[in-house]
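Below: one structure, written as structure tokens.
In this document, chain identifiers A, B, C and D correspond to the written order of the chains, with residue numbering beginning at 1 in each.
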Amino acid sequence: MQRIGVFVCWCGSNIAATVDVEKVSQVLAQEPGVVFSTNYQYMCSQAGQEMIQESIHKYQLTGVVICSCSPRMHEATFRKTCEKAGLNAHMVEIANIREQCSWIHKDMATGTEKAVILGRAAIAKVHLNAPLTAGQSPVKKRALVIGGGIAGIQTALDIADAGFDVDIVEKQPTIGGKMTQIDKTFPTLDCAACILTPKMVDAAQHEKIHIYSYAEVEKVKGFVGNFQVTIKKKARYVDETKCTGCGLCTEKCPQKKVPNAFNLGLDNRRAIYIPFAQAVPKIATIDADYCTMLKSGKCGVCSKVCTAGAIDYKQTDTYIEEEYGAIVVATGFNPIKLDKYDEFAYSQSPDVVTSLEFERLMNAAGPTGGTLLRPSDGAHPHTIVFVQCVGSRCDDEKGKPYCSKICCMYTAKHAMLCREKYPDTDVYVFYIDVRTPGKNFDEFYRRAVEEYGVHYIKGMVGKVVPQDGKLKVQASDLLGGSQLHIEADMVVLAAAIEPDETARPLATMLTASMDTNDFFTEAHPKLRPVESPTAGIFLSGACQGPKDIPETVAQASAAAAKVIGLLCKDSLTCNPCTAQPDELMCNGCSSCEKVCPYGAITYADKEFRGPNRTTLLRRVAQVNPAVCQGCGACTVACPSGAMDLKGFSNQQIMAEVDAICR
Amino acid sequence: MSVTENFKPTIVAFCCNWCSYAGADLSGTNRLQYPANVKIIRIPCSCRLNPMFVLRAFQKGADGVILCGCHPGDCHYTTGNYYARRRMTLLFSLLDFMGIERGRTRVEWVSAAEGAKFAATMNEFTETIMKLGPNRRLEDLRCRKD
Amino acid sequence: MQKRLKEKALELLSNCTVTRVLGWKTGEFFYDLTPAVFETAEEVEKEFVYSGFSGANLSKYLIQESRKQGKVAVFLKPCDSYSFQQLLKEHRILRENVYVVGISCNGLLDMEKIRAQGCEGVTAVTEDGDTLTVDTLYGTTKLSRNDCLLERCAVCKSKKIVAFDELIGEQGEELESNRFDRVAELEAMTPEERFAFWREELSRCIRCNACRNVCPACSCEKCVFDNEKSGVRNKAIADSFEENLFHIIRAFHVAGRCTDCGECSRVCPQNIPLHLLNRKFIKDINEFYGVYQAGADMDTKSPLTDFTLDDCEPSIVHERGGVQG
Amino acid sequence: MMETIRRISGVNPRKCMKCGKCTASCPAYDEMEFHPHQFVDMVETGRIEELMQSKGIYTCLSCFACVERCPRSVEPAKLIEAVRLAVLRQQNENHLTANDIAEKLDPELPQQAITSAFRKYRK
């Protein structure tokens, strides 16, 4: 039996005006287990708190009920008070007789009666309370950033600058991501490489940053503060410690017909390659799908020309295990495939290109050396048609239901650059809506129209037909009320963007949740936009939703700030009100695991004593208290009732129900 | 259904800690009145509400049970109220199927800012229960008060 | 059929594929076949029975049997195979220790229905196509087989065997079933009528726990009704509330997991149509969240551990048709 | 009337985001006084009478390009079909049955025209 003390607060006249506090304390004194009951003007005052502490000592209280304002107001205060007097903080319950009683009722008798019932419910609960201690779990002071694009680089730099070790895992041979392929950036039109490559170098040279390029995350175990990650370093057949990046091998390799992924297949590269001149790390990689030495054992030219002796045809995938306190996902995006959009003739004519391909065609380091030429015949295009929203805002299975956000701005940029470099070109942009929220964004778009004379036409392109070396474009001009037939030299499609295909399997590994479009979900759409609901997993960049560069960098730094906040701590205080399975009753059916939003539940095979001295191996649920946030979803999903929630147990809640309905 | 004279219904309101309990607090702060018949039990999340608690309340003499949680999409634990929504839909449907008055059970989403909605909901719900009269179909005779 | 099953059982035992066979043997009467484990060929020869009364769903016994030493063979009818797969999905059965022989099924017989057609003192029932020859103490009667099927077989939902290592007989298909008709009839009643209906039915409950003990979904290590900590522990029924409580909680605990195998109603000694409660859940789930058949596959999430952002609100119960209570 | 059209066609014109891809795809654009996106808008705003008077609804080839291309699955051709039906129903019994087809067959007539005519006048 608990020894319970009841403390009824007047809250000045806030409670005392409509609740007969004296009567409440007298009636509650009669409840079983109550050894002391009193009332006071302001329980939360210094004097009130001291009164509670003295009573705890004097009456050897094991539980305390405070009838006062909302627990959201002073629960923490009173818990601390009692803790100082040696009572466990979770042996305190609050009966809310202000917000939910005195303030809503005018009649003294009604208020008093209800206050007594609320007090009884709290007493009934305290009877079943048990001391709870918050666990501590240590924090490994190292962060992992998955993805080495601008988002990953920025996050890593910020975390490293705060003095913590950071590893970047990038699946490509170089960091830099999509931004390396972009020519100019809106709305300032400065060159992407000029602002990105210094950051890549910073990351490479930072003593706190380690880059695993050409590597992937293979396995993730553990939880916030204590993740164990296996990283797979794919065989690049070049010894990273020896390669100087001189590039001789990439010039001598006889296998010349490899589609150059960096230029989106618009030209060819060799089987051994460095993606581009400013690659970080600048190390050659052999493409095993094309290398004749690896395929048939005949060749070995690169090995002969390499003065550093870095070529190693026998290299295999290697695995690294590392521990991290926090993981940042920065897996980025890709344009969608357009093969389902026959009407735009993307698969039929090389002169129909995506916007990202167009970036390469405009780029000085691209396949055309920066001169805009048609891929089909290398001629200079005179009429260019841009089509927006290709695959965005679609409700069919061909496209994506969301707005890809960045297309309006980069299309304006492309149109503007075309007109600037080649004033003799006619540029048409077909749009559904032009969306330019962002600093200096609308001004930018208006400049394209007003200063550069880009023809913006409200309407969509219905079809593109390649004919006699031209592209016949049939489109509608909704505002002008006509159907247009344009003979274009090039058509540029603003393809929707989607999360990288590695994101979904990664989310499964991290038990981080995703929406139906495979974007990572944030812990709260408004208030916690850079965290995943899974503790210790943070989101940076377009893996969370379509974003332009300024937004990506902002989110990257925000994620870094959250990571730094976590890594600064030596240990994490866990939520003591966690779910707890009774292994003897657990069926191991996985119902609880399926509803847990945090991935806090795992299963273990344990031996139990069976009848007649036998042992039975049973699958039982295990809750990781460092990860469990105490929502209780699992407790109801559990058919046998094996799962209970500390602090809000089945019995406690039923006791409250009983007290209220009594 | 006859309305008993001097019928004082007992109504149990399960409120999630993050939105609806705060919403109830707000209606208090704004001095918005609702009947004293409504007694609130704080649970961490609407998904903590076990159907057994609902039945227990009716057993012990409740005349109506209402669950309040964060609006779908706003759950503090991101997904709890979605599970609660399915569970309660099915439970209420079964109770209805067994002939228990539909009006005795209800789910309402109340945010921390919706003090007025909380009070209005409780007034409305109490009125419904007053019309329905005492719970007779799902009561435990041993727990009857009168 | 019995001959083929026996041969299969003997073959599996003799070639050491399995050490035990889970099947049926005669109980107190020839029509109350009971599940049994056979360990030797002699036992099989002597006791193994398969007939129109082999209604018992053997899948539940595998929870225990698959954890014992050696492999066990089991005969599963189509509806049993759903229960089996649902239990696999819940990690309750160790698949590698079970050899499943799927058997096609043309519906099983209900002794009550035979009796209801005026056959008292039945001594034997023989099947011949669609005709049943019923021998009684007072003579022989011929009945139409279709008139004597178990309720669940009369409204069979599927002849498909969803999990098996080998098949005896033909693989069947999912069927169009009118199994929800009775639920819909009840839904169309007024709440007062429904209340009266269920009072009439549930007041007969003697809490023998047969429904719970036979149900493959009701296979908790410890049932909440036996658990003093659950707050609902209850061994015997004291009043109408507890009658309702037991059956509501039971139906809710198996919601989304019940494959509608109909065993609860088959074994109820008081003939309470308990399957209607489970079917009501299944019907609601199908209508609210899309058609779902528990046990039909290994991957689909159970509707109660899943959600969509635009699920219907609980108020749908208040808003839909029918008289307000 | 608006409801009837929506019911017959099963189309929700509110899903239209006015991108004009239907109109851009329409091969009969020049022959119609109202164009597919306008149909959708007119149904949504209730200008059905005007639409029913229009000749354009008969120049629609029922090629379903607009249905195929629409990113929002609005299906303008079904709306046009529904309007045609509404007109026909008012005109009473101007129907084509399968039996009538045989005598109308002409070896020069393209298959698509037969199918299209049958689609238009069957109901």
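Everything that follows uses one rule, which is that contacts are C-beta pairs under 8 Å (C-beta built on N, C-alpha and C of every residue); 3 or more make two chains touch, one makes a residue touch a chain.
Just so it is clear, the model here is predicted, and its values are computed rather than measured.
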A-C compared against A-B, more contacting pairs: A-B
Label of the chain whose CA centroid is most distant from the centroid of chain C: D
Per-chain Cα centre nearest the global Cα centre, belonging to chain: A
Whole-Å separation of chain centres (CA-atom averages), chain A against chain C: 45
Centroid spacing, where centroids are CA-atom means, of chain C and chain D in whole angstrom: 53
Interchain centroid distance [CA atoms averaged], chain B/chain C, Å: 35
Shared-contact residues (touching 2 or more other chains) in chain A: 595, 637, 650, 654
Shared-contact residues (touching 2 or more other chains) in chain D: none
Set of chain B residues in contact with two or more other chains: 51-52, 56, 73, 79, 83, 87
Inter-chain touch pairs (all): A-B, A-C, A-D, B-C
Chain A-touching residues of chain D, taken from the complex the two chains share: 15, 17-26, 29-30, 35, 37, 65, 69, 71-73
Residues of chain C that touch chain A when the two form their complex: 67, 90-92, 219-224, 227, 229-231, 253-254, 257, 301-302, 304-306
Residues of chain C that touch chain B when the two form their complex: 183, 186-187, 191-199, 224, 230-232, 238-242, 244-245, 248-249, 251-252, 255, 277, 280-281, 284-285, 288-289, 303-309, 311-318, 324-325
Chain B-facing residues of chain A, complex: 70-72, 96, 98-101, 103-106, 110-111, 113-114, 117-118, 121, 513, 521, 523-525, 533, 577, 595, 597, 629-633, 635-637, 645, 648, 650, 653-654, 656-658, 660-662
In the complex, chain B residues that touch chain C: 51-52, 55-56, 58-59, 72-73, 79, 82-83, 85-103, 105-107, 132, 137-142
